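You will see chain A twice below: alongside chain B first, and alongside chain C after that.
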Partner chain A sequence: MNVSCKTLRLRGLGTNELTNNQNSLPVICLNLPAAAQRIFDAPRVATTITHRPYSSAGAQPNSITPPPAITSPAVNPTEGSRDPVEAQGEFPRKDWWDIATGVVISRPPLLTRDLPEFEQSYYFYQRRLNDRLQLPFARWFYFKKGTLGEEEWKRKQAAEERYQPYGPRAWADELLKGSTEHKFDPLKDYEHLVATTVTGEEETMSIMQARQESAKEAQARGEEMEYPSEIVEKPFPRTTQADIENNTKRLDRKLSRTLYLVVKRKRDKHAWRFPQSRLSGKWEHLRWGAQRTLLEAAGPNMNTWFVGSAPIGLYKYKYPPGHAQNQTGKKVFFMKARILAGQADLTNNKQGLEDFQWLTKDELKEVVGNKYYRAVQHMLVAQ
Partner chain B sequence: RAKYQYRSPRYYRGRLAPNMPPPSASPSSRLFIPGPFAAERLEDHYWNTIASDLQVLSYVHKQNPTFDIEKDYRQLTALRLPPKPTRRQLPALRTFRNIPRLTGITVHSMVREAMKDSAYLHAAGMIVQSITGVRASVHKSKENIGMWELRSGKSISVTAQVKGRSAYRFLAQLIDVVLPRIKDWKGVAGGSGDSSGNITFGMSPEAVSMFPEIEVNYDMYPPKMVPGLHITIHTSAGNDVDAKILLKAMGLPFDG
Partner chain C sequence: MAKKSKKGSPTDIRVKLIRYSLYHPKTPRPLRFGTMRMLRHWTIHRAWKLYQAAQRKEREYELERQYNKMRDACEELRLTSPGLYARAVAKSIFRYPIVEFRIPTDTPAKNGWNHEWKRG
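Up next is the complex of A and B:
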């Protein structure tokens, strides 16, 4: 791919000399069309411009840094309270909104989804059709008569108890009422898997080895022999302790669903929300604001990744009359984040939060209000 | 046996003929192919997690410049520049409708020894078929090139195309099972890509034998007849970069 990186030289504050090392900032590699690239070419004509001996109040105007505001001195339009007389002169617009960032931090699903009954039945139907329509398995091509391989295959086939499409019971291809053959049962599948895949030789060898080892250990300790219970490592169940207790603070609950962090503020109504706070300072942008908000709200003990710099949603609401001097209301821009490790910690949080929960989309619906949910629902993944 | 087995008619003989072939979606049709047998992990992961992240990451506030066939073509030809647009083929806007996704995978194997002995091509076809689950199609050579001992009209290569859910399955198997087993595999070449969102990489005969379908009965194939292959991953991205970002999100490592 063609990537053109241009090194820019920006004139710094209060410098007399231009040196190659100090004042040149490598810009991020941008795949820009020729037209846009020309804008960045302009400041390179630096050697012909005179250097002022005094320190400038702000950066010299060029296309990168924004020009200083003409009307106001250093005023933060997002801060709320100000004298009405002074403020009217500074706020040229009739409607002015507070800008806030919210954080939608999620733990993506760690397991495959639980299939609904209809979907399981459909897949079973297609598998059974496939059994019926395929040509029969060419057994004698793969397993020669009288070999150990053939013995093993016959044992595994018997253990599998499979529907035989070309046998005497080929007519019995339908799912009987009350049968659970089409359902996915992880524990039953594990035993089934061991019986149908682990070969006899391996099984006996490993069992023998394990028994010999345990016998030696037991003799050394002077105890009775213990037999190992599992030949093949058993996978963990799909539901954890957190699921059984329904502990909404834990991140290993509902492993097949996406969990979102909501925090409780100290109020009666509209308490549960995504963490949010107003933008602070003149130059804070949405992504910085979101990172700061999450740090203040949920602590530093989380390994997070903020996805991109663009917001994923907006919640806009008007203040009740008399709430603020000039602001009509607030616009909350939500930024997307993922949690990779760690946990939220509300001790010493600066936003006065009481509690937090990790909830799925449908659980969230009950906890936040209707209006908020309507603004927020399309950002969230149902699964 | 006395039992009658119904078979649907092979040809459509007009709307007035009494015995009509059933619709192709019906199980009794000759054209019916049994549908999905299970939900696919990588496909669900793409829709739940990857797609929305990709949409956010490739957001543009203003429309990207697109190649206007009437205006730009005339300008370029007037300047005597080549008419092919050399800019990255970005969509005008990234929306939820044009997020890059996997559309299919092509497995291709060209076997030079098949010029002399067609058994090599049979083995290649069997291998491609067992890996993909799709019947392989044979292609003939077009050119006569003496230097490479190539004669036209000879069956020389096999391909198989996997689409839809099976493509996700095949890619997941590659990423999770086969590619980690290859010795000293650095990743897909960083410069791979045809500027249209298709990424290709090759696999040596040793790598091909790492497929579980081949490994289980490797001895049944004649010695030295297991070929190497090319795997082309087709995506709906219009350029290399987005295609690579998609595949990296799915777990395919790139080298450089």
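Up next is the complex of A and C:
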């Protein structure tokens, strides 16, 4: 809004004098904090229908286009336009739209993204080049000559059968066709670290031999052999139980992607939607409306954060002809929110919802209708 | 930290390591590639640059689409209801970082997602 506070105040006072009822303009001074703003907001005259005058808006009755007599009789035609610019007929509107808020609540990715094949092979190529270009590892710095630690290091390095950048086959640094070596990064891979770290456990040959024997026996029986003392705990796998079952209600599915909440209304068509509801009450603005919507739809047991108070997207649709409403259609403004902990709970929900799912953007495409998806897709993140 | 070493006493091992890496006769080591190997390297380099450019463009387009959607929604809101619009674009004084936000890691947390979180 490029209008200054002073002019707004003056305009407000100006239009007030024109109206019969004492409906004063809320003086909106953008420099004041939200709390202080409310002091200046004057209460409006109560109307017989509980919907706020500006909810059917743009459609503000102005002196040029009086409202049709059939629709919303409660709004006083002489109320005057809120914004004098509209009164001049710059945006003459004859439509009356319901305003609703929708909530796009997302669980951002918890893991780094899965690398595509090309990136994996490129990073492998770079690792090999790095090995060739660096000076060889200075073993004498870390292990004194002749110690047991050095022996263990040499043994473990030999057992690994790594690419030798300074050996006779240093030229064979490229990935061979059909090989899967590029799929894991040896510096990050837990098994590799365990296999090459010198721990000092194997102090005597007897212990080492005993362990080798038990490892062979375990392999013969088909069991896994675990190292007895794990100095670093083994990290958890990137795919969880929820991934295997493909349980779309769980929030630990697809940890490297963003998940969005969709709810199912009791309808045959257009059932799956983002939670939405019409704005209610006198003072409700979009962010409050969205918070209330989420509370009513999905329960209080979600730790959420609403990002800002501006809408991120819009879905506008006209009601089919013959619909028993005064308005031509509905405008749904979507608000962005993030979930930090908790789960959606549809018991006692006030919107008649049956089911919910946490889906990624491409999964959403199949579940939600084509028209809705086209209106909504650009707000969402693919990763 | 650097001690002046007297004659006969061994130098600090850290100094030794630094000298090893700086003054090694083979530092830096330019690799020598045959023709075909060089061509493969060049192809990989070109492919990577192309791939990175495409990724960057894709990211920018996504941001642009999100921004446009937001701008259009705010414009529609402004035309529909000045009151709602003003409250939507007003700056909030409450701007603190959220401690519960998590950055992406390579492997998941031990406790996983807390599905049992309750309010209050």
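Assume the second predicted complex is superposed on the first by the 220 of 383 C-alpha atoms of A that agree within 3 Å, B and C clash if a C-alpha of one lies under 4 Å from a C-alpha of the other, contacts with A are read in each partner's own complex, and residues count from 1 in each chain.
The rule we apply is simple: a contact is a pair of C-beta atoms (placed from the backbone, for glycine too) under 8 Å apart; a residue touches a chain by one contact, two chains touch by 3 or more.
As the structure is a computational prediction, the values presented were derived from the model and not from experiment.
S.K.: Report for A:Tyr123: first if it touches chain B alone, second if chain C alone, otherwise both or neither.
M.R.: The answer is first: A:Tyr123 touches chain B but not chain C.
S.K.: After superposition on the shared chain, which partner residues are touched by A:Pro237: those of chain B (first), chain C (second), both, or neither?
M.R.: Touch partner of A:Pro237: chain C, not chain B.
S.K.: Between chain B and chain C, whom does A:Val381 touch in the aligned arrangement: first, second, both, or neither?
M.R.: In the superposition, A:Val381 contacts both chain B and chain C.
S.K.: For A:Gly146, is the partner it touches chain B (first), chain C (second), both, or none of the two (neither)?
M.R.: neither
S.K.: Quick one: is A:Gly222 in contact with chain B, with chain C, with both, or with neither? Answer first, second, both or neither.
M.R.: In the superposition, A:Gly222 touches no partner, neither chain B nor chain C.
S.K.: Does chain A have more residues touched by chain B or by chain C?
M.R.: When the residues of chain A touched by each partner are counted, C comes out ahead.
S.K.: One more residue to check, A:Pro168. First (chain B), second (chain C), both or neither?
M.R.: In the superposed model, A:Pro168 contacts neither chain B nor chain C.
S.K.: Considering only touches as defined above, state whether A:Asn303 meets chain B (first), chain C (second), both or neither.
M.R.: The second partner, chain C, only.
S.K.: Just checking: does A:Pro320 make contact with chain B only, chain C only, both, or neither of them? Give me first, second, both or neither.
M.R.: Neither partner.
S.K.: Contact-wise, after the overlay, does A:Ile312 reach chain B, chain C, both or neither (first, second, both, neither)?
M.R.: both
S.K.: Which parts of chain A are touched by chain B and by chain C alike?
M.R.: Residues common to the chain A contacts of chain C and of chain B are 1, 33, 108-109, 112-113, 119, 122, 129, 133, 308, 310, 312, 338, 381, listed in rising order.
S.K.: Would you tell me which residues of chain A are touching chain B in their complex?
M.R.: Contacts found on chain A: 1-2, 31, 33, 35, 108-109, 112-113, 115, 119, 122-123, 126-127, 129-130, 133, 142, 258, 307-308, 310, 312, 336, 338, 381, 383.
S.K.: Of all residues in chain A, which touch chain C in the complex?
M.R.: Touching chain C: residues 1, 26, 28, 30, 33-34, 37, 54-55, 57-58, 82-83, 91, 93, 97, 99, 108-113, 118-119, 122, 125, 129, 132-133, 135, 138, 141, 174, 188, 235-238, 240, 250-252, 255-256, 285-287, 300-303, 305, 308-314, 316, 331, 333-334, 338, 340-343, 378-379, 381-382 of chain A.
S.K.: Provide the residue numbers of chain B that touch chain A in the complex, in ascending order.
M.R.: 27, 32, 34-39, 41, 44-45, 48-49, 52-53, 56-57, 59, 61, 65, 86-88, 191, 193, 217, 220, 240-241
S.K.: With touch defined as at the start, can you tell me which chain C residues reach chain A in the complex?
M.R.: 13, 16-17, 20-21, 24, 26-29, 31, 40, 44, 47-48, 51, 62, 65-66, 68-70, 72-74, 76-93, 98, 100-102, 104-110, 112-119
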